[in-house]
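You will see subunit A twice below: alongside subunit B first, and alongside subunit C after that.
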Partner chain A sequence: MAQRKPHKWGMIVDIDKCTGCQACVVACQAENNVQLNTEDRFHERRPIEWIHIQRYWEVPEEYRSRPEDAPFQDIKARFLPVLCQHCENAPCEPVCPVYATYHNDQGLNVQVYNRCVGTRYCANNCPYQVRFFNYWEPVWPDRMRNQLNPDVTVRSRGIMEKCSFCIQRLRRGERQVEAAEGGELNDRALAEGNFAPACVQACPTGSLIFGDYTDPDGQLSQYVAVDEDTNEKVLKDDRAYQLLKNIGTEPNVIYLKKIDPRRTGEGGHG
Partner chain B sequence: MQEGRALADRQINRDLLHTIFTHPKWQWGLIAFFGIIVLGAMCAAGYMFNRGLGVSGLNRPVMWGFFITNFVFWIGISHAGVMLSAILRLSKAEWRRPATRAAEVLTVFSLMTAMLMPLIHAGRPWRVFYWVFPFDWARGVYPNVRSALIWDPSAVFTYLTSSTLFVYIALLPDLAVIRDRSTGIRRQIYSVLALGWRGNPRQWKLQIIAGVLLSALILPVFVSVHSIVSFDFSMAIAVKSWHSTIFPPYFVIGAVHSGVAAVVIVMAVMRWLYGWQEYIRPEHFDALGRLLVVVATGWFFFFVLEFFFGLYSLEADEIAVKDFLSAQAPWSWWFITFVGTTYFIPVGMWLFKGVRRNPGLMIIACISVNIGMWLERFLIIVPGLAQKQVMNFTYFTYAPSVVEVVIVIGTFALVCMLMLLFAKVFPLIPLYDIKEGEIARDEIQIGRRKVPAVLREE
Partner chain C sequence: MQGLPRIGKVPLVLGGLASTAIMLFVLIYVLTAWWSTPLFGFGASGPDQPIAFPHNVHVQDEGIACEFCHRNVVTGEAATVPAVEQCLICHTTVNGESNVEIAKLLEYAGRDKSGVVVPGATPQPIDWEKVHRIPDHVQFAHEPHLRYFTQQQDVIDMAAAGGISPVEQVCTICHGDVREMTKVKQERSLKMGDCVDCHRDYDAPTDCTTCHY
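What follows is the complex of A and B.
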């Protein structure tokens, strides 16, 4: 493989386009050998969903103190896809006693399954709660054995797992595109070669946008600029925000907020 | 403070060594009883290792529960040893004498028990060796020294090493006494353990210097151990109610509170079990009761501060956690129980001299303290995790499973069993310390009354 090219992966989640269909959840499940979330897992509150859709009910301003009185047609369902934010300043990384999680040079927060002993400290220190512990040994019915993705480790019980931005796809892309002379795994190459994460590929409304912050022509550059000196992200879109920004984790996932037709007066949107 | 009658050396030896030289049937019965509970807990732990942590009640927001609560609790109990031996030794409190050994031994055993907890709770306990030992094990990766979970074993093992040494040095003269009174294989074992103690002046001098030095050196460890345990929580920025700078002193004083209370329980029980009324007298409980009033009130101060700091910052999410903890059932009921049993019930009892001098009532007050302190750790750990941040979609609660409850009960039985076994082979009250107290005891005439007093060589 040629000299490794610098990348800084990131994602934009456009809440305005999200319909809450959960296609991303299913795609992630299939791509990453995530164990089957049976009904029991949900009752135990131990489902493993590397990306999950949080559903909030929004009531009009005047009913905030007594939401139960709000007229039903004014209650809005709001969907928030939450995945590992790949924080630049990730709280989960320094607390792991065995270096099972670290930040790599491409802006990814990486989990080393072999190294993990399962103290679960990282999950406690993750404000987004996107780290998942394998409480049980994963089992698949026999007829599903052959659908497991050979590029992804099947995690045993007792270890942490979380979204990897489908690092196996990114690596495959690097191998295939960058092995050629002058090849660059930019956003166009990602789309053409199906190297973007499974959730992005599966999203029917295109509310998930994956790309490289260092690519000046990339899709992310219209929303975010990266300051070359400080390496800090400057949000260019006035809809852009980061989850729980006040904690200072500097996530690499940027959200674009819902366009509210009632507030801005642009009627008939969506 | 020296009530009670004068005791001859011969009688001290006979009274304090009878646990070793006589074999009452209840003793083995009691040890077997606790042993069966420990065995049950081991089976529960084995079942958990075999099936995975799924058999516990832990879930996604609440990743730490009973095990970590129990870990912090036992580390807290271990603070009694240093408090009673080192601090009271350095401050020359005469009444410490019969309490020191029991406190130190309780320290060692509770530390061992505490360290079992994080190992059991790990997802893959068979791999923890490269977590706990600072060695790269051919992987080329050392443990992560930035993690509070690395500071933890370092601090706890330092404390365990130093307190084991502390116990052993104090045991040397007593081991020699047992050696001289036993025969056969037993004599040989005690001879090896006594390290050739002859009781000559040079040995006494070295033993005293070692004891004083260890007392002084162990003090920083004493403060740091529970501070570091509190860092497990206060370093975590993601959990609102954990991320508090008040935690280290709050945890240390809480540890002293529960630890001294536990020593009182041990003393009252051994006084009753072994008939040591001549040695552990009401005046000792009285002194410990007064000490506990001070410690408890200090703890209460930090408790109020911790709560107040949470509200004073005026951060909506932190106030929400405090509201969740103190005003919403069922947590509020646990919260009220915790404050009552930790402070108001026991301190209310200790204010009366009659209670302080009554071992039975002291046991009740001290058990109340330890119930409260266990709940305190639980209420610090779990509600904060259950409602970590403003994103309330992931909120949940926690209920322990049978496996966790059995293992927690097993740890209590383990400490009881180890204490009983220790009493079977070593004296739980230091003989030489009591004899030293007897030599120093004196009476002075004040007006028309004779008052007990203590002579001291300064």
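What follows is the complex of A and C.
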């Protein structure tokens, strides 16, 4: 068996389509055996959400200095789904003393649960706050014991966890595509076989797009190109940006800006 | 015993014997853990099953293929243990009138010794003891292993020489010669080193997330 194809998985988050419905959050909890976040967990500031929606209120520019005076119809709710950015230059990786987190050959920042000793250095060094520590043994009510996904390890107390880009689905996709076609998993097979991450599958507006940066015909190719010499991503879309780009983490998750109808003069719901 | 050195009334030699025994016990414990297979006693011959199912009779004498009962093995992640219904394909005819173990099976299926349905009886699944256990943080899939090895020419040749199917030949790589076992036991340690050695030999991926996710 030859080595696996060096995929480079990535995601596009189109903020313009996001309605902040949190279907991705629910899908992720169910797919990845994420613990149930009770009210207490939120009060402790220790909920585990591999993807979460950040909500912002945006006021018109002229009211920036005094937002309380802004007319309510001009205040806009803005939603930002934040998940592990799978940084190329990830700050969480060099601080792990046991190599429990590293970058694999498919462009994923992976967390190896059985190596993790729970120092929490990675979470403290993550600028996106998307790494979560299991302070307690996760418990599910008895009636939910058959709900757990058998393809995903249940993380015990003292283990760091984070978004894995639903690697269990990618592995299953690889197996099934290789078995059926003898080929490699590509964007087309990914879409047809529903091997994309749970959040992407659940998103009702299609604001999340998952694919392979190295696939020239893939879904991501219209937004991002990979420079062959420097191996860096070149953003092709005017709206594309990366979270905290200035700190140099080179995230593999690319965001597309919200189109503001007032600024562009295009029609909209206002 | 008068001449032997003592502490109080206890001869010192007893202390030596006791510490030797303790060290032996620790050594066996460590070796057992290291090989992850018991050396002797305590289930070294495999766990007791609710029904003493003889693989050798079914595979060697009757010539049933592995994947006939473990149906999912060539298509999915888990090999799966067959449902009781599947045993009844044969065992309503080969009934339990002369064999107490088959009678036990028929009782699970809600039938009497001669294979006739007992009115009002509820069929029960059989609680087989798991023999090959891997930790929860390991995700193992049978299908790609069978797919790869059944395509290897040396495996096909070995299977032809032994007069068995390639699939059966591949099963023996990890599970040992189950066709000759009256009681199944774990043959290989199936620890991570065992897996990784093989993955290196056959140029399979050794990235952590091949198995751990």
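One rule holds for everything that comes next: the second predicted complex is superposed on the first by the 261 of 270 C-alpha atoms of A that agree within 3 Å, B and C clash if a C-alpha of one lies under 4 Å from a C-alpha of the other, contacts with A are read in each partner's own complex, and residues count from 1 in each chain.
Note that in this section contacts are C-beta pairs under 8 Å (C-beta built on N, C-alpha and C of every residue); 3 or more make two chains touch, one makes a residue touch a chain.
The structure displayed is predicted, hence computed values, not measured ones.
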{"item": "First (subunit B), second (subunit C), both or neither touched by A:Arg171", "value": "second"}
{"item": "Touched partner set for A:Phe210, first subunit B, second subunit C, both or neither", "value": "neither"}
{"item": "Partner chain in contact with A:Trp9 - subunit B first, subunit C second, else both or neither", "value": "neither"}
{"item": "Which of subunit B and subunit C A:Ala179 touches, first, second, both or neither", "value": "second"}
{"item": "Which superposed partner A:Asn104 touches (first subunit B, second subunit C, both, neither)", "value": "second"}
{"item": "Partner chain(s) touched by A:Asp151 [first = subunit B, second = subunit C, both, neither]", "value": "second"}
{"item": "First (subunit B), second (subunit C), both or neither touched by A:Trp136", "value": "first"}
{"item": "Which superposed partner A:Tyr113 touches (first subunit B, second subunit C, both, neither)", "value": "second"}
{"item": "Shared subunit A surface residues [contacts with subunit B and with subunit C]", "value": "115"}
{"item": "Interfacial residue positions of subunit A with respect to subunit C in the complex", "value": "1-4, 102, 104-105, 108, 110, 112-115, 151-154, 164, 167-168, 171, 175, 178-179"}
{"item": "Contact set on subunit B toward subunit A in their complex", "value": "51-54, 56, 58-61, 63-64, 118, 121-125, 127-128, 130-131, 141, 143-144, 146-150, 232, 235-239, 385, 388-391, 393-394, 396"}
{"item": "Subunit B partner contacts - residues on subunit A that touch it in the complex", "value": "44-47, 54-56, 80, 82, 91, 94-99, 115-121, 123-129, 132-137, 156-160, 243-244, 247"}
{"item": "Of subunit C, residues touching subunit A in the complex", "value": "77, 135-137, 139, 141, 143-144, 147-148, 202-205, 207-210, 212-213"}
